[in-house]
């Protein structure tokens, strides 16, 4: 077992445990904190996969911005309730279904013969990525910008209070 | 000169008269009655032309006696193993039987139409009455002229519908409407059998042509059992039309129609169509198993018997005469039950019966016209006020009773002769009915025309009928009196019938005809019985009719049985109300409750119910939706996996 | 002019009329009426022309003409062509539809409520019927078949009438819904059958003449025929009132307005029989031979069941409705015999029943529109107050009874003969059914037309107006025409029948 | 030196992502709070991103399309959170609850 | 991938126009408050029309942008199709928005922008682009569905749609990642080539990926059991948006499905064929059965659209050139019909506020023209002749049956029968029911005109389908590279 392997297991454990926390803890704020943890762990995956750019993006966008918005959201939607919520009534079914789903994924992964040793795991430099992203993939990029615009307009339009009386 | 090939003109003329009258009677002077009378008169004259042509050719093969055209043709079908055409033909043919019938129909038709001028004067739907009468005559004449079963069936139904229309002439009267319906539906049931019989014959013969079928039957080309079945089906039709037991119930009720109609249709012509048919298809009966004829015999005997007894107690004069008609019709059927030998006597009876029965009805009509009453309990003592009517009625009644030497005597005697040749049982049974017949004829005469008037008011207004009505009575009375003499060869020869009436008729069936011989013993026995019956009748009803009342009181059960017509009508009514309509209601309920509400609505409701159950998957709760999606993925994966194997 | 355009005109003219009516202002009821009568008369004239001018030739179909409609795109290797043409039976049926359409229009002139909308739907219905009878293409056959069903719901639900009985109610909406649902349900098996035929023939064609050729050359094997034939019989049979799928018929016809009852019972039910003929017997003869004994049984049930049910009815229209079920039984029986005479009789009966039942419904409408009841017992003595009406009805009733001299006899007689050649027992029962018909018809006459007239209640009843009279007279003319001189009909029908029934027996 | 990726088999990443994804699925199915459901969806999207990156690195090194995909997924996920929270907030304002079981006026 | 990519931005001009229109609408809304808000609708419609005309310039072209999107006849077809749909939706919205909604600028802008998403879903031949285009459409719709801010039903619908949409996106992406992993590419052509070579090493992974993709796209087109959002979103959304959901959202989903399945997944058709068949059959059955029990018109049409999706999915099941042209034809007919129905409903709703089925009682008296339009549309949906529905269903079902799915076609025919019942239910209220009062409504001419045009379209497809059918056939051939 190499160090890399060990690190992978640790990160994976962290991600999974944190994820479990997200879906099980009763306190919503704790859940949000677990989410941040899990997302950070995923950023670790990206580092393991030699992709610092993505890791940084993950940390900035997710652990930073997204998590913050979510916590804001939690606060705003707390109302008179305590920030704790119980699990839904269908959790046993949910467990079964998600377990089965996980099993199916595992089976699919095991069944397949992935190209094991890829001699050329390439480090993708930020400049390469940028070049490709803004040239070959410019169109999706433009579309995504419109998507963001839509989300922006929508979020503002929907959540504003104006004229509500 | 008109010869037999133009015989189709005889029915055609009244048919034209019908069309004219039906559409134009409102625009014609006198509602066009003269057209109808002119038409039947023309037909009557044409009859003579045809008769002369026919008689010229006898004895010997008849030539040029057919005419007609193809009515409907289906080319090139596979028939009896070979490609053939399916042809329906309107064809006419004249022979001896036809001639007898033509004589009766045209003459009585003319008499009745003339009589109606007086009788129906001022009645509702006068023009329509003449129109239908013309249509009836056209149909009836076609019936006797038809050379094939199909045409026969067509006009068979035609006379039925005319009968319906005429019985229901006064349809505002509920009883008339009901009687018309009863008459049509009852005879229609017989017609069902007739049609089945015709098609059965066609199925084996491949033709509707009568003579061809007869030839085949005589040549034994039919399976005998099959032929018997078909023939009996034909007889079903005949029994319906001729009001034989068990179809007899419609005839007495048919008296709801105008009396001239009763005379023409329900005495002289239409009701004997059955007799004519059986006589016509006698070759088929002869070729069938004997049982077929026994059936005819038995049906005839039952009809004769029950009607004779019922005639005794009826109080409506028309009904009494109607039962006497049943009685006669039964007798004719009995004669035909004897086979070929009975055809002559049956036709003789038919011939003379037409005159005396038409006479009786018209005389009844005269009484009703004068008094507007037809219950004997409200009549009486009319003899002096209406001498012509009274006298002619007497002639008719005595002819019906069979008194020497009136026409009825010969007719009935010939039947007895044939019966005696055949077997003793029917012979004795017929003899037994003779006094009863005589008794009720005397009874109805006495109660109507002699004694004290029971309804003074009616009696006071009574008067002899106008000449238009009385002249036909007189003419018919004359014929009723003398028509029987045609059996004698000399007399027959005088009017052109080579070997007398019987031989003339018989020659249609057989090559060699018997010479007529008067059978003295039977004549004497029957005359004694008739005389006894007449005497008894006079004794019972001549005075105060006390013996009759006493007898009725003595045997109340019998009296009631007879009054209620052996409960046959009641039974039918019960069966229709409870069995037929009950069954229909059950079917209708089944249709509604089971097929419709359960089967049709049910399948709709089940579908709707499925929708109702399924809509609850939409719980409105988001996690449920997500779960359904995941399950969907699972199903898809399973489907994909299992297809992939 | 090319004769083929006549058939096209028969289909397109009513459609155009419907379209034109859309833009007529709904207040101008007079324009609507004038247009409707004119177009109906033209349609009648055209259909009469087709009938008169039809000649039996070597060719299977007269007046044939086709227009390419869809090229060979997609799955349709042969495209879809609007191929019109008539054989002798179809020509007769076109005439029938022309007659009933004109009569129905005349009867409907008195409609006041939304008469524009009524005639729009009415003409669509007509177009559908004309189209079905003259289509020689499976697609268009089905197209027009469905088109004929399409307007029914609204026609019945808007202009119809409900019936109330002591224990239950049959609303017009129910009648309309049931009729529509059952008829469209019936088209499901036809639809599936068309799929199957299309696939099995394997030429990507809907052309009926081509498919007939394929069928004659053994393109459809016996097992396939046995499998698919019932689809057509069930589907088309339902429209023909086949027991036990008949219940839409009485309820639907009773609920429908007069002209719609006339057209529907008179003509649309014939589409079903025609479908059995065109799709079933002609396309799948071996399947027909295998299944027809079963249809004989059902047809006999139809005849007796319908007749017996009619006896128990207390409503004018229900009597007629069930009598339609019974009479369509004769048609089905005639077809099921697969005997030239029987099939010929069936075709004659299609015409005869069409005209006769249209006349009956028309006459019931005359009284119902004034009296607003159809209870048999409510009337009496109508014959004395409304003699013309009674006469017309009587003629219709006698036709239904199969009285000689009327078309009913000619038709039924042929059916009987054909049946006796093949299934004598069925023939006997069928004739018995005709006897029962007399029972309920004469019961109806006796109850309603005869007897005393209730002057205080029905004093206001009027006899037919002149349009109704004209419509009724038109129908009667054809009843008597066929009854007295059937040769023109038989000349057209029987060669067609013989033509496609060569292999039988 | 071998990169870390070269030492760890692809399957490991796939397993990890699979587990994360399944946990996310569980969260969506079992949680009642709309925001928590949203968080669970984010978990799933992260798992997807891991999958993409892993595939990109192991099988598509030259064109690394998975990487691009992952970038877009992250961006979209972020936008999604923003918009979804906006809508949830609106629901909360109008109903005073973010409990999805209670927000079930539309049904059947 | 050595040869240079074509980065010809002129290919995207129609979408640029749309973007500009969206901005213009927003600008006018904010900067020119005095302009009547209805004008925004007509500005948007005009812009869409301009873009439509411009996009016709690429007729019969065979071009691509960076191998991500292809400007071929398929794309041109859907460009025109989506833009035309949006024009009708925008016009139908004008009065409705004025009356019921705030922020009209955003409303029209979002519709126009979402059209871009729909177009690129059809144009993309690369998974990343396709996915992002899909999200563009979805995001716009999330916002539009919850646009009636004060309406709790609209909020609820938006929330459900949004969260489930995200969930479905995750499933779809996960599936895509497996396809990417096994085929090694996101380009349709390369995926197809990779699968052509066989999937022996990845049997289960491919299957799982396909199942997830079918599920994810099934959500977008509202196939059972991924349909659950549909009735709620349809009911909650503002009426024109309901129409938009039923038209563009669905059609775009099918455009994507067609491109993806014909271009990339055809070699593994055996793997997904029965998956699609399964959801096709359940959609037809469940959609039509549950629709029987609906009393809200929007909900009823939602279930009816689920049934329709079932029919269309049959076309995917038996995918081939013939079937796909039949499918496209059916889709056109369906969308035109549905737009006609919704135009009538929107116009009637503007006047009366009707939404429940019984609110339509006496519609034929109060607004005869609208009633006629709606009746035509309902009959067409039920598949009655003269109208589009009959012909397109006939050809679609026939094609499916001919391509080996006779049983599926049989299910479809029966389901179609069931559907007739609930259309008649609505018709009955419209024509037989007694209105509360008899006064006639005044209906704006624009709506009447748009309804009439759509109705004529319904007749056109039903009576003279040849031109359209030839177009769809050409388009399908492009799709299958023939």
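Letters A, B, C, D and E mark the chains as written, and numbering starts fresh at 1 in each.
FYI, a contact is a pair of C-beta atoms (placed from the backbone, for glycine too) under 8 Å apart; a residue touches a chain by one contact, two chains touch by 3 or more.
As the structure is a prediction and not an experimental result, all values here were calculated from the model.
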Contacting chain B as well as chain C are chains E
Steps needed, at minimum, to go from chain C to chain E via contacts:
1
Going by the contact definition above, tell me which chain pair has the most C-beta pairs touching.
A-D
At the largest C-alpha centroid distance from chain B we find chain A
Approximate Å spacing (C-alpha centroids) for the pair chain A, chain C
69
Taking the mean of the C-alpha atoms as each chain's centre, how many Å separate chain B from chain D?
97
What is the distance, in whole Å, between the centres of chain B and chain E, each centre taken as the mean of its C-alpha atoms?
77
Per the C-alpha centroid definition, the whole-Å distance linking chain A and chain E comes out as 31
Return the residues of chain A touching two or more other chains; collapse runs of consecutive numbers into ranges.
88, 90, 93-94, 97-98, 101, 104-105, 109, 114, 137, 140, 144, 147, 150-151, 154, 158
By the touch rule stated above, which residues of chain E touch at least two different other chains?
128, 132, 135, 139, 142-143, 146, 149-150, 158-160, 163, 167, 171, 178, 181, 203-204, 207-208, 231-232, 293, 421
So chain B residues touching two or more other chains come to 604, 615, 618, 620, 622-624, 626-627, 630-631, 633, 637
Name the touching chain pairs, please: which are they?
A-B, A-D, A-E, B-C, B-D, B-E, C-E, D-E
What does chain E use to touch chain C in their complex?
321-323, 325-326, 368, 372, 375, 379, 384-386, 390-391, 394-395, 397-399, 401-403, 406, 409-410, 413-414, 417, 420-421, 424, 427-428, 431-432, 465-466, 469-470, 473, 476
Looking at the complex, which residues from chain B come into contact with chain E?
604, 607-608, 610-612, 614-615, 617-618, 620, 622, 624-626, 628-629, 631-633, 635-637, 639-641, 643-644
For the complex, which residues does chain D have touching chain B?
25, 28-32, 34, 37, 100-101, 103-108
Chain E - residues contacting chain D, complex:
1, 127-128, 131-132, 135, 139, 142-143, 146, 149-150, 152-153, 155-160, 162-163, 166-167, 169-171, 173-174, 176-178, 180-181, 184-186, 231-232, 235-236, 293
Chain B to chain D touching residues, read off their complex
615-616, 618-623, 626-627, 630
